[in-house]
Amino acid sequence: MLHTSRCPEFEKKEGVQKATETLVSNHVDGLVVIGGNGSFNGALELSNHTDAIIVGVPASIDNDVYGTDETIGFDTAVNTAVAEIDKIRDTAVSHERVFIIEVMGRERGFLALEVGLTSGAEIILLPEVKYRKEDIFKIIRGNKAKGKKSGLIVAAEGIGDTRALGEQVQRNTRTEVRLSIIGYAQRGGSPTARSRLLASLFANLAVELLAKEEGNRVVGLQRGRVESIELKKSCGTEKTLDPNLLRLAKILAT
Amino acid sequence: MLHTSRCPEFEKKEGVQKATETLVSNHVDGLVVIGGNGSFNGALELSNHTDAIIVGVPASIDNDVYGTDETIGFDTAVNTAVAEIDKIRDTAVSHERVFIIEVMGRERGFLALEVGLTSGAEIILLPEVKYRKEDIFKIIRGNKAKGKKSGLIVAAEGIGDTRALGEQVQRNTRTEVRLSIIGYAQRGGSPTARSRLLASLFANLAVELLAKEEGNRVVGLQRGRVESIELKKSCGTEKTLDPNLLRLAKILAT
Amino acid sequence: MLHTSRCPEFEKKEGVQKATETLVSNHVDGLVVIGGNGSFNGALELSNHTDAIIVGVPASIDNDVYGTDETIGFDTAVNTAVAEIDKIRDTAVSHERVFIIEVMGRERGFLALEVGLTSGAEIILLPEVKYRKEDIFKIIRGNKAKGKKSGLIVAAEGIGDTRALGEQVQRNTRTEVRLSIIGYAQRGGSPTARSRLLASLFANLAVELLAKEEGNRVVGLQRGRVESIELKKSCGTEKTLDPNLLRLAKILAT
Amino acid sequence: MLHTSRCPEFEKKEGVQKATETLVSNHVDGLVVIGGNGSFNGALELSNHTDAIIVGVPASIDNDVYGTDETIGFDTAVNTAVAEIDKIRDTAVSHERVFIIEVMGRERGFLALEVGLTSGAEIILLPEVKYRKEDIFKIIRGNKAKGKKSGLIVAAEGIGDTRALGEQVQRNTRTEVRLSIIGYAQRGGSPTARSRLLASLFANLAVELLAKEEGNRVVGLQRGRVESIELKKSCGTEKTLDPNLLRLAKILAT
């Protein structure tokens, strides 16, 4: 078994070599790699050194795997963050404060976008979308002028220093601003029904592919159906944010 | 505003007449009907008596609206039921018992199917699929012979008398059987992120349709995209269970 | 290890004899019995046949052990029921219905009393307190006259046939009444902080008693402190409902 | 109504003066102050300038009010933190990391102590108890030598810079250390059954005191019973951590 939690190793050359030796010495014919983009790049490298049938099953809170609309664990992470923001909103409203909520996502904003949309954030900040601080100040000041004294900004961790941003917003809008970082809890907890369903559907197709000896593929949800694509294609293509969700979020842009 | 919670009235002639008068006397130009199949049948009837632009937004824990893969509230109800079954399983395992869990769904098994799949039920009973009691007994007896002393049967309320079924299973398998009815809690609670996202996406399209004066339509999620279909088509077509999920569930059939 | 989940056996003569033999043949010097009143009666019987040091640790959702203000698991069960009632209330209010919520408790009303008080029930029905149906009708009718169209009745399962009661209330008050049985979920789930704290505190004292060879005792929480009493006294004394909570609940009485 | 959420004002002279004027100009005879230590100090000051009957009801996640074993909201905050740590532990174990979890509590460690005890923390750091960093390193190294590669340190925010501490632990124990700050979510959310019960019991006694015109008192839970003490005594006495819990926690000390 390859611990996907040890991805960093798996992504390095020595990791791949070690994995290759383990597969060969144990006469492993088939391998299911469960993980995100990093694990699949390791799997692709591994496929060059072994004849084992390799199938990728996308599981990641980042939802950053090309070839699937959604990864196992993503819905769970979104709900964990939203449930916590529901609790923070109680303080935001009663104390009339603006909260910056930092969620996970160093390079990709899938999680922040969906958390922002479903938690009722006024502003959503994503690594993929440039924003001007002056626009944030303007929105907060505008809401204040209209009598709305509390507010939520959901930001992916990859957008930069959220603590410094909070201080700037506070200075420029004369509003009390607080920062809350929703951390590793997003990676754990009991999975939601949807994450469990995806796991069952993906596992089912992965086993079918192994049985049919169709390797070097990644299973996934494509427009509501469970399908598979080539591992090489999944690794080599960047998944982009859903333009409909982006539009819905009226995200700050230059 | 039409209380969808008063559907029973709305589905009757007098209800439709009252609604028509309300619309006319208040000079209402557009109407968004939020509800399930029953509400939409009322809306269709209403559309014959008014020029108001009517748009349907599917919201129902039954997921029984043709034209959308998923209704607002469905994901919430599934998660509520699954969370409760997670707690019941603790007793099932520690006391070595078989539990029949009855979930909502008088005529349709969408909820029971997804709850059963994601809660790890050994047997799923749906109104749409005939089953033979002897098959249930056989499965329970077989599991017992293999050393598995506990078990979960998820049943939609529409499959018949679950209490009587439990007694028959107990008698025929010599296993302690308990019944748990997951009731009205499935209709309430804080919505999941997914139910909130659908609500935002559906509302957005509904407003666009109103603005473009395209009435008598029902918005929905079709293979991952938000689209709309004719109200008449939605009301007149029966939505069927996903054959992939059915196969995955290896449901009991004659 | 004695499975407390097999209490029914343990409470019988053969169970005690089997337990005695197990202790002797395994040269067991000390025994911690974790359970409720039934398990402790078995432990008391066992103490007449063995020299092992026996210490009882009260764990039961019924909270029916004399010698402790609270049992491990009680707070968890209360919170599970209250969380579910919070969800049911959504339907009660939106559909203007009266709900009877049946919680566990065949002979004792500790759970129903605390659930009723903390879920905002209008009426609480307990096995220990006689009530007249006419009084229930009067309260519901009175609330209706004042414009309050929904309502919650929390009832312990031991008060009789809640389904029949619901039908009588419906007939006599011309209000839609629904029954919801909060079942075995109350016995499971992740423990609350308070249940975990009691478990640590009780376990700590139990081990101290074993080390000091002070057996035939039951540990417990007495007015905020962790103490122990004689096993015989715990088994022989009936624990009564807290009169302050009873008063607070303004429970229906003849 | 005095917004306890505006305590900072209430604790200042101008705040008290404003409150006095409001009471006088509105002919207020009785006042219930709901809050923590800060609010009660304001109430005490207020009592010198008005004849209104003042009763304090302890509500604070800090549990820092002398005269009550527990404040309204404390149990809710503990459970929120513990539920989040349960999710973080998944990552701690799977990734073999040590987590420092910072919970609220600038000056007092009631919350951190109970969260630490019930979340299974190896180390608990409180503002009231001095600790030596070398002792922390020793424990982590010792656990690592025994094969335990993950770990939890629960720290009150008042113990100093947890980020710097984490870096020191990482350097000195050659273990990956992560920091998670459980922030404002601890102040919100749906109250637990216990917090609701305390609220009912305290409110009940507060109203009785008002009716009997017994002012300048603080209600509270004392060894399991609802009683009241003098407001002056509550404000003037420091509440200390429960020595039994401290011993149970085997807290690091010099």
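Per-chain residue numbering starts at 1, and chain names A, B, C and D are given in the order in which the chains are listed.
FYI, contacts are C-beta pairs under 8 Å (C-beta built on N, C-alpha and C of every residue); 3 or more make two chains touch, one makes a residue touch a chain.
Given the structure is predicted, the values throughout are model-derived calculations rather than measurements.
Trainee: Work out the mean Cα position per chain and let me know which chain is farthest from chain D.
Mentor: Centre of mass proxy via C-alpha means gives B as farthest from chain D.
Trainee: Nearest whole angstrom, what separates the Cα centre of chain B from the Cα centre of chain C?
Mentor: For chain B versus chain C, the centre distance works out to 34 Å.
Trainee: For chain A and chain C, what's the span in angstrom between their mean Cα positions?
Mentor: The computed centroid separation for chain A versus chain C comes out at 43 Å.
Trainee: Would you mind listing the residues of chain B that make contact with two or more other chains?
Mentor: 86
Trainee: Building nodes from the protein chains and edges from chain pairs that touch, which of line, ring, star, complete or other describes the result?
Mentor: Ring.
Trainee: With touch defined as at the top, which chains are paired up in contact here?
Mentor: Taking the chains two at a time, the touching pairs are A-B, A-D, B-C, C-D.
Trainee: What residues on chain C touch chain B, complex-wise?
Mentor: Per the stated touch rule, the residues are 3, 5, 80, 84, 86-92, 94-95, 99, 178-181, 183-189.
Trainee: Chain A touches which residues of chain B in the complex?
Mentor: So the residues of chain B in touch with chain A come to 69, 75, 78-79, 82-83, 86, 114-115, 117-118, 190, 192-194, 196-197, 200-201, 204, 222-226, 244, 248.
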